[in-house]
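In what comes next, chain A is part of two complexes: it sits with chain B in the first one and with chain C in the second one.
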Partner chain A sequence: MNNKVPSFLLTTQPPPEVRGARVKGSFIDKGIGHISKFYETVFLQWELSRKDGLFQRLNARTKVVFLVFYIFIVSVKKEVSSEILVAVFIFLFVLLSRVGIFKFYWKVFIAGFLFGVLAGLPAALNVITPGETVYKIIELQRARIYHLPETITVTREGILLVMMLTARVVNSVSITLLVVSTTSFSDILKGLRVFRVPEYFLMILSLSQKYVFIFLKMLRDMHSAKKARLIGSADAAGWIPGRIAFIFNKTQLRCEDVNKAMVGRGFTGEVKLAGLEYIKTVDIMYGAIFIALWMVLLIL
Partner chain B sequence: METVLALRGAAYKYYEKITALDGVSLSIESGQRVTVIGANGSGKSSLLQVLAGLMFPQSGEVLFKGEPFTEKSFKDAAFLRHFRSAVGYVFQDSDVQLFCPSVFDELVFGPLQMGMDEQEASGRAEEIMMMLGIGALRDRPPYMLSGGEKKKAAIGSVLTMNPEIILLDEPTTGLDPRTQAFLVELLFTLNDAGKTIVLSTHDLALVEELQGETVVLSEGHTIERTGSAGAILADEEMLLRVNLIHEHFHRHKDSGGTITHVHRHAHGD
Partner chain C sequence: MHIPDGYLSPQTYIPMFAVTGTFWAVALRKLKKELSVKEIPYLTMASVFSFLIMMFNIPIPGGTTGHAVGAAIVATVLGPWTAVVAVSVVLIVQAIVFGDGGITAIGANCFNMAILMPFVSSWVFRLVRGKSSDGARLSAAAFLSGYAGLLASALATAVEMGIQPIIAAAPDGTPLYAPYPLSVTIPAIALWHMFLLCIVEGMLTMLLFRYFYKHEPKGLYWANSSVVGGGRT
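And then the complex of A and B:
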C-alpha cells in the first residue's frame, strides 16, 4: 500500500505566534477540575471504608438501623443540652472509627452553618420568635409594614431556637456522614434491604452510580482531547450542544450493550442480588450497645 | 463430537441498513477451540453475539445443540436457563460487562440469576477470584480497576456460571503482554477441561498461539475460509485479500546501491 503523504506533513512548521498574556482557565476547565476532585473524594471515601475502625467493622445493616434510630432521637429531643450529649457520643464514634476529625467536622460545620445558622437566623428575631430581648437591632419610627413590631430585637427564645436547629443539623449530618464514610456504596445498597427496599430499585441505583463515573470519565476525556488541540479558548456555545448530543447517543448505545451483558448472564427482568454477610456476634454486641445508648438518650 | 453451536445462512443488518453478517454458515463442535478472525468491521462481534443469543439473525438460522432458536425461544424459562448457563459471553469492552457495585457482586450476579443459592455462588466467586489472582480486589468497585483487572473480573463473572461454551470478543485487546499470556494460558486450561472456546481477534499472533480451528471473515461480511490455524496463516494471499496483512515497502542501501523490499505484515506487528 502506497501512502500519499501531503507535502506539508514532510516539513516542520514553527509553532504559531500567540499574542497576549496568560491564558485564562474557562468555566469548563474549572468544571473538569471538579470532576477530578470528585474522583479523588470517592477514592478517599472508599479507602476510609476499608480502614480498621469501629464502624468499618460493623455489618451495614447494623449501621443503617443505627442511622435511622439516631436521626429519630436527634429529631425528637427538645433541649440543646440533650443534642450536645448526642453530639458527644457521635464524636466518640467518629474517633473510634479513625475518621479524619478535622475534615469530617469541617464538612459537618459547613452544613450546620448553612442549614442551621443561616437558614434559621430570622427565627432569632422577635418578628418570628417573640420573647425576652437580648439585643436591640433597630427601632422603627412607625411600624409601616403590617405585623412588624416597633422595635426589632434578637430574643433569648429566638437564639435558643436557632441553636436547637443548628444542633439538629450538625448531629444529623455527622451521623449520616459517619455511616456513609465508613461504608462502601455496595454495602449501603445492601443495607437498605433491611427496610425492604425493592431489589429493582437497588439495581437501578447501582447502575446509575456506575453511569455517573462513566459519564464523568467521558466528559473529562472529551475535554482533554479538545484541549490538546486548542490554543486559547474555543467557542463553548458551539461545542457544548454538539457534545451533549454525542453523549446522549453514546449513552443509548451503551445502555443497549449493558442490557445485553445482563441478559447474557441470565438476567430475565427479575433481579437477584447478593445479600450481606451474616450478622456476627460483634454486630449483635454493638447493636445492643447502640440500642442501650439510644434508650438512655431518649430518657435524658 | 456434538455440534454445540451452528449458523445456517445467517444474515444481520444494523438498523436494517448496515450489513454485519451476510449468509454466514458455520458449525462449532463441543470442546473445540475456534478463532474468528477478520479486519475491523468485518462482523466478528456480531457473529459472536448471534451465537450467544444476544442478537438474532434477520434471515437464516442459529442452532444450539442441533435445535434452531429464535428470540421467542428465550420466553421458555427452561431453555433460557439452559442456554444462559451453557453459553458465556465476554464483551470486548469490560466496562459494559461490569455493572455491579463491587467485583464480588459482579462474580455472583450470574449464578444468582441462574437460581443458585447464595452460599454456593459466593464459594464459586471466591475460588474464581483466587484462580484469577483478583482476591485483593473483592470489594473494589469496577471503576477503580485497571484495564487488565477489569478484563479478569469480566472473565471471572462469566466463569462463575461454569458455561460449557465461552465466547470472547477480542479478549486480548488493550492488555499488557503479561496479562495476555495469562489469558492465553487460562484459555488452554479451560479448553483442556472440555470447555468450547470461541474467540474473535484480528491479532494473528494470537491465532498462531492458540492453534485451533480458524474462521476468516471477509470485509464483505461472509466467511472467506475456515481451516486449521497453520493452513490459514500460510495462505498469505487470502489474508491480504481480507485485509489482515498488508504489504509494506522499505528501502535500504547496501554496497550495490538502493534496494527496495516488499514485506507482508500482519495487523499488530
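And then the complex of A and C:
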C-alpha cells in the first residue's frame, strides 16, 4: 500500500538548539521577540505611571522641565562629589514615587556598567589618561612600541575619569527613567509643549507610537501564520524584504484612511493637542522646589 | 551607534540640537507645503515604516544580531526629507521609551542617523545610478547608498566623540566627557562599520530596493517626481 502522507509531513524539522537554559530560535524569532519586549516596556511604563506617588501626581510639563534641567546639570558637573549629591536627590524622588526601587536601579546600574565602567575602563590606563600611578599592570619588553609607554599603569586621574563617566551615565539614566516610568508617553509629548515644540510634530510622534502597535501586531501575526503553514526553514532573505514591502503598502493605504478620517472630522491642517492638564498648586510648589535644588546644585 | 548621555559635552550637544532643529524645521515646512493636510498621516506612516525596518534583526558574525538603521532605504523609497522626519521620530521614541541613546544626545544622534545618513545615501544612489535603469547598476547603487550612508553616520559619531578630549578637558588635560581621542574613535568605530555593519546595511538596502523595484516601481521616490520633494534633493 502506497504511503499517502504528504511529503512535507514526512520531513522532520530538527528541534531547536538548546544552550544552557535558553532555546536558540531563528533570527526572525528573535526579531519578533523584540516586538514583545516593546509591548512589555510600554505596558509597564503605563502601569507604573498610574501608581500613587510623588512624580505620578505632577503635571507632565513640570516633569519635562525637571528632566531637561536636571539632565543639563548632570552634564555640566565636573566633580564626582557633585554627581553623588545629584544621585542622592534622585534616589529620594525615586523612593517617593514608589516605582519599584530594585527593578529601577537594576536597569540604571546595568546602563551605568555598560556605558560607564565597561566602555570607559581603558581610559583608566596611562595610555589614554596619563597621571599618577596607582597600579602597575605590565612592563613592555620593547619600549615605545606603537607609541605605548614603557609601563602600562592604572592612573589616579584615569580612575576618577571612569568614575565621573559612570556617575554621569547613572544619573542621566535614572532621571530619564524616573520621568518615563511615572509619565505616559502621550503625556510626555504634551509636556514638551512647554519648550514650544510644534504641536503637529508632537502629533506625528504621538500617532506614530500608536500605529506602531497596530503594525507590530500585524507583523507578529504574519510571522505566526508563516510558521504555522511552513514546515522546515523558509527563505528568510526573500521573506523579510517581502514583508517589509507589504508593510510599506499597508502604511500607504492606512495613510489614505487616516487622512480621510481626519478630514471627515473637520481637520483643516491646524493641530491642537487635546487633554493638556492645568498647572495645579502642587505643580507650582514642586516646580519651585526643583528649581531651588537645581540652583543649589549648580552653585555647588 | 546611539550616543548615550554623559559622553557629549554641552559645547557639542547644544549646537547639535540647533543644527538638527534647523533641519527639522526645514523638512516640516517643505513637506507641509507639498502635502498640506496629508502631511501628518503621511509622516506618521513613514515613521511607522522606518520603525518597523529597525525591528528586523539580522544575524552578524560572532553570534550576535544587529538591526539596520534603515535611513537609506527610507530615503530611497520616500525621499530624504521624509526620511529626516521619519527616522528622527523613531530615534526620539527609542530614546524616550527604550533608553536607546541619551536625551542630551538626541540632537547628535538625529543628525548622524536621520539627517546625514539619508542625504549621503540619496547622493550616492543618484551618483552611482546615473541615468541608467539597468537592474544590476541600480542594485549596486542601492547597496552603495546603504553602505556609504551608514559609514558617513559612523564617522560623524566617531568625530563627535573623538573631539571631546580636545574641546572639554580639565585644566590638567584630563578629558571630562568621552575620553578617547580621534586617533582611537575613528579606527575603532569606522573599521567595525566598514567591514561588517555597513555591509549588512548595504545588503538590506539592496534586497529591499530590488523587491520594490520589481514589485512596486511606481512607489519609489526617485521613479516618481510627484512623490514628496521629488527630484529636488
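Rule of thumb we're sticking to: the second predicted complex is superposed on the first by the 269 of 300 C-alpha atoms of A that agree within 3 Å, B and C clash if a C-alpha of one lies under 4 Å from a C-alpha of the other, contacts with A are read in each partner's own complex, and residues count from 1 in each chain.
Throughout what follows, a contact is a pair of C-beta atoms (placed from the backbone, for glycine too) under 8 Å apart; a residue touches a chain by one contact, two chains touch by 3 or more.
All values reported here derive from a predicted model rather than from experimental measurement.
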For the three-chain model obtained by superposing on chain A, do chain B and chain C clash or fit? fit
Quick one: classify A:258 as touching chain B (first), chain C (second), both or neither. both
Regarding the shared-chain residue A:297, is it in contact with chain B (first), chain C (second), both, or neither? neither
First (chain B), second (chain C), both or neither touched by A:120: second
Quick check on the superposed pair: does A:207 touch chain B, chain C, both, or neither? Answer first, second, both or neither. both
I'd like to know which partner A:240 touches here: chain B for first, chain C for second, both or neither. second
Counting only touches as set out at the top, which of chain B and chain C does A:46 meet: first, second, both, neither? first
Who wins on chain A residues touched, chain B or chain C? C
State whether A:266 touches chain B only (first), chain C only (second), both chains, or neither. first
Could you tell me if A:180 is touching chain B, chain C, both of them or neither one (first, second, both, neither)? second
Once the two structures sit on chain A together, report how near the CA atoms of chain B get to those of chain C, whole Å. 9
Using the superposition on chain A as set up above, list the residues of chain A that contact both chain B and chain C. 185, 207, 209, 254, 258, 262-263, 267-268
Enumerate the contact residues on chain A facing chain B in the complex. 1-2, 43, 46, 50, 184-186, 189, 206-207, 209-210, 213-214, 217, 254, 257-258, 260-268, 272-275
Per the contact definition, I'd like the list of chain C residues that touch chain A in the complex. 4-10, 13, 24, 28, 32, 36-49, 51-53, 55-59, 65, 77, 85, 89-90, 92-93, 96-99, 102-104, 170, 172, 174-177, 179-181, 184, 207-208, 210-212, 215-216, 219
Can you name the residues of chain B that touch chain A in the complex? 49, 52, 54-55, 77, 80-81, 84-85, 87-89, 91, 93, 95-102, 104-105, 108-110, 112-114, 118, 121-122, 139-144, 157-158, 161, 246-249
Within the complex, chain C is touched by chain A residues 27, 30-31, 34-35, 38, 41-42, 45, 67-68, 71-72, 74-76, 78, 107, 111, 115-116, 120, 122-123, 128-129, 131, 157, 160-161, 164-165, 168-169, 172-173, 176-177, 180, 185, 188, 198, 200-201, 203-205, 207-209, 211-212, 215-216, 219, 237, 240-242, 244-245, 247-249, 251-252, 254-256, 258-259, 262-263, 267-269, 271
